[in-house]
């Protein structure tokens, strides 16, 4: 059922539009790595979208009211619920880099699974929203 | 499109099966409240399911490798992605009771929204999983 | 958040295109009732779609390799997973008319909830498909 | 896009925590087989979750108000709607072991497909819930 | 099951942070209207997110390789598949303002419904990707 | 996690039921090609479903109030949101055959991604539907 090829080509550094190249450079600088992940290389087919999405990731995923590791866990929860394999793998790697271990990951999956279970129970049973939640 | 009635009746204390009554009592004791939320009253139509789900909530959502507030945020992320209104409202109330404020909730939604956006980009563009994530 | 008005008007018998009127008549004859549900009246804005969908419902949901009540349970499982309230309510009513009682409905929701839970566990943990399933 | 490795390691019998080992033994006894599926081996990274989930599967999926084969069909319907390949393959194998043949499986998919189609029609058209469903 | 109150308060012009006020003014100027929709007023609890999202909407939804009306239809397709009522209603209104009539909307729903149906068939049947699609 | 085998066998021309063979012939005639895609060969296990679905595709996806290319874009939007790889690949190929280029595809994904993002924001924030959308 699966095909390893991306739907749009991965853009190499040599092929990249100057704006895409600038984003690649910033990714390397911010993440202190030589590597630019395949997601960004696929998105580089749309330099506007690449610039916008990288700026959004920097603004949203950094330190704020919530801790960056917590944000990775939230990201994984969404990605599991949507069934996005690449997203689960890339953000699990990011969460591990920020300190999550196997026990934490297993516990995270237990919470995600319970939430999907009770979401289904609520959607079927349709209890009215309690006054106390308002 | 909407109808306020639950699909199965909310079970009152008087109508509850003895096992359901014991769960209601434990909910009141653990949560230090007189109130039993409508979700549990709807689930009480299935006393086995009620016992099992309440035990699972106590085991999974408490202190562990992850903080209980973090678990509420993960729960909300799943519930938003699944579109479960009752779940969003009840776990937002639980997260607020554990210290989340308006700024934290707004930031949480920004992370959930970004994850749903990039999940869609990845699912469309289909970049291969990077070696580095393995 | 909710608005009770349909997105396209419900089509009355008087307003119905002759093909839509013929479908309404067939629904009444097959179901032995005077009532045509709001779903069919909304779909009647597209007489081709109404004819095609009613024919499909008659062909797919009747007796076959699977029992009609079993098909209603499958329908409810899809509708809960997609979060479609109208669909849950209409097919729960259909399942009750075919003999499902409160205990059966509660048990159905327990299966749907467990499946949503283990789907999430599998999607996160990503075990390889066992040889034995092939 | 796909990677055959699980996100957490599959736990062998030798590596299993004693509680996980006990669950593996019970799976073998109940299912009258030497094989423990990869799902359970992946879940064994969380022995609490493994115990709880196996107990839930035994309680929910056995004989009750609904027939065990019917429950497998409901499980497949949820798994197709969520797009969980492992779940579709494992529960199709389970349904075949309980008597489902190719014709039954093809008919099941036709019901699941129709439900997903009409769910979308209802979600777009938004007909109000009929009084008769209440 | 439903509650009309937003999860975070709608921000009035008087309460808006200066950056949010600037976005509100730009929305009014670009859309040639006095009205600022509730979505933007809810998002104004996060002025950064409001600025970013409004800039993204302007960049993505305008004239480009694809026509603005076509983009509204794509938006509705996503929103129906995700079950987002507000999104379906607001973008149906936007599509009507760009020229979509009842017949076009009914036809759009037929395409969305067919896609959801065949997505389910493919997900269940799991045909391998044809060489010709590569 | 993935397995290349279909869940039901692909039906060859020689194995096809006469009704399935007639559909295969019509697909070849309408599409002016010798090739019958794997989706149709998998669906041929259910000749009724094959006839019905092919007739529906011909009726819904052709010229009408909406342009056939626009319908392909809508189809892709649904398929990305549901995470159906085969569907994304087959309808991207169809859209390219109708004139979509890389820039159009990249722009399409930007719209789909934005819609998934704002769907999540709306589902979390729950703004009430504006009077103006009614």
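General remarks:
Letters are used for the chains, namely A, B, C, D, E and F, taken in the order the chains are written, and counting of residues starts over at 1 for each.
Everything that follows uses one rule, which is that contacts are C-beta pairs under 8 Å (C-beta built on N, C-alpha and C of every residue); 3 or more make two chains touch, one makes a residue touch a chain.
Note that the structure is a prediction, hence the values are computed from the model and not measured.
Of all chains in the assembly, those touching subunit B and also subunit E are A, C, D, F. Which listed pair repeats B-E comes down to matching contact pairs by residue number; over half match for D-F among C-D, D-F or A-E.
At the interface between subunit B and subunit F, two copies of one sequence, more than half of the residue numbers in use appear on both sides, so the contact is built from largely the same positions. Subunit A and subunit C carry the same sequence, and matching their CA atoms takes a turn of 180 degrees, rounded to a multiple of 5.
If you average the CA atoms of subunit A and of subunit D, the two centres end up 26 Å from each other. Computed from the mean C-alpha positions, the centre of subunit D lies at a distance of 34 Å from the centre of subunit E. Shown for subunit A are the residues that touch two or more other chains, namely 1-8, 45, 48-49, 56, 60, 78, 80-86, 88-89, 92, 107-110, 112-121, 123-129, 133-134.
Judged by the touch criterion defined above, the protein chains are all mutually in contact, each touching every other. Within the complex formed with subunit B, the subunit A residues making contact are 3-8, 10, 35, 37-39, 41-43, 45, 49, 53, 56-57, 60-61, 64-66, 70-71, 73-75, 77-82, 84-87, 89-90, 92-93, 101, 103-104, 107-108, 110-112, 114-119, 121-130, 132-134.
Of all the residues in subunit D, the ones that touch subunit B in their complex are 1-3, 5, 48-49, 52, 55-56, 59-60, 126-129, 133-134. Within the complex, the subunit B residues that touch subunit F are 76, 80-81, 83, 85, 88, 108-109, 112-121, 123-126. Residues of subunit B touching subunit E in their complex: 1-4, 6, 83, 85-86, 88-89, 92, 102, 105-107, 109-110, 113, 120.
Residues of subunit F that touch subunit D in their complex: 1-3, 7-8, 45-46, 48-49, 78, 82-85.
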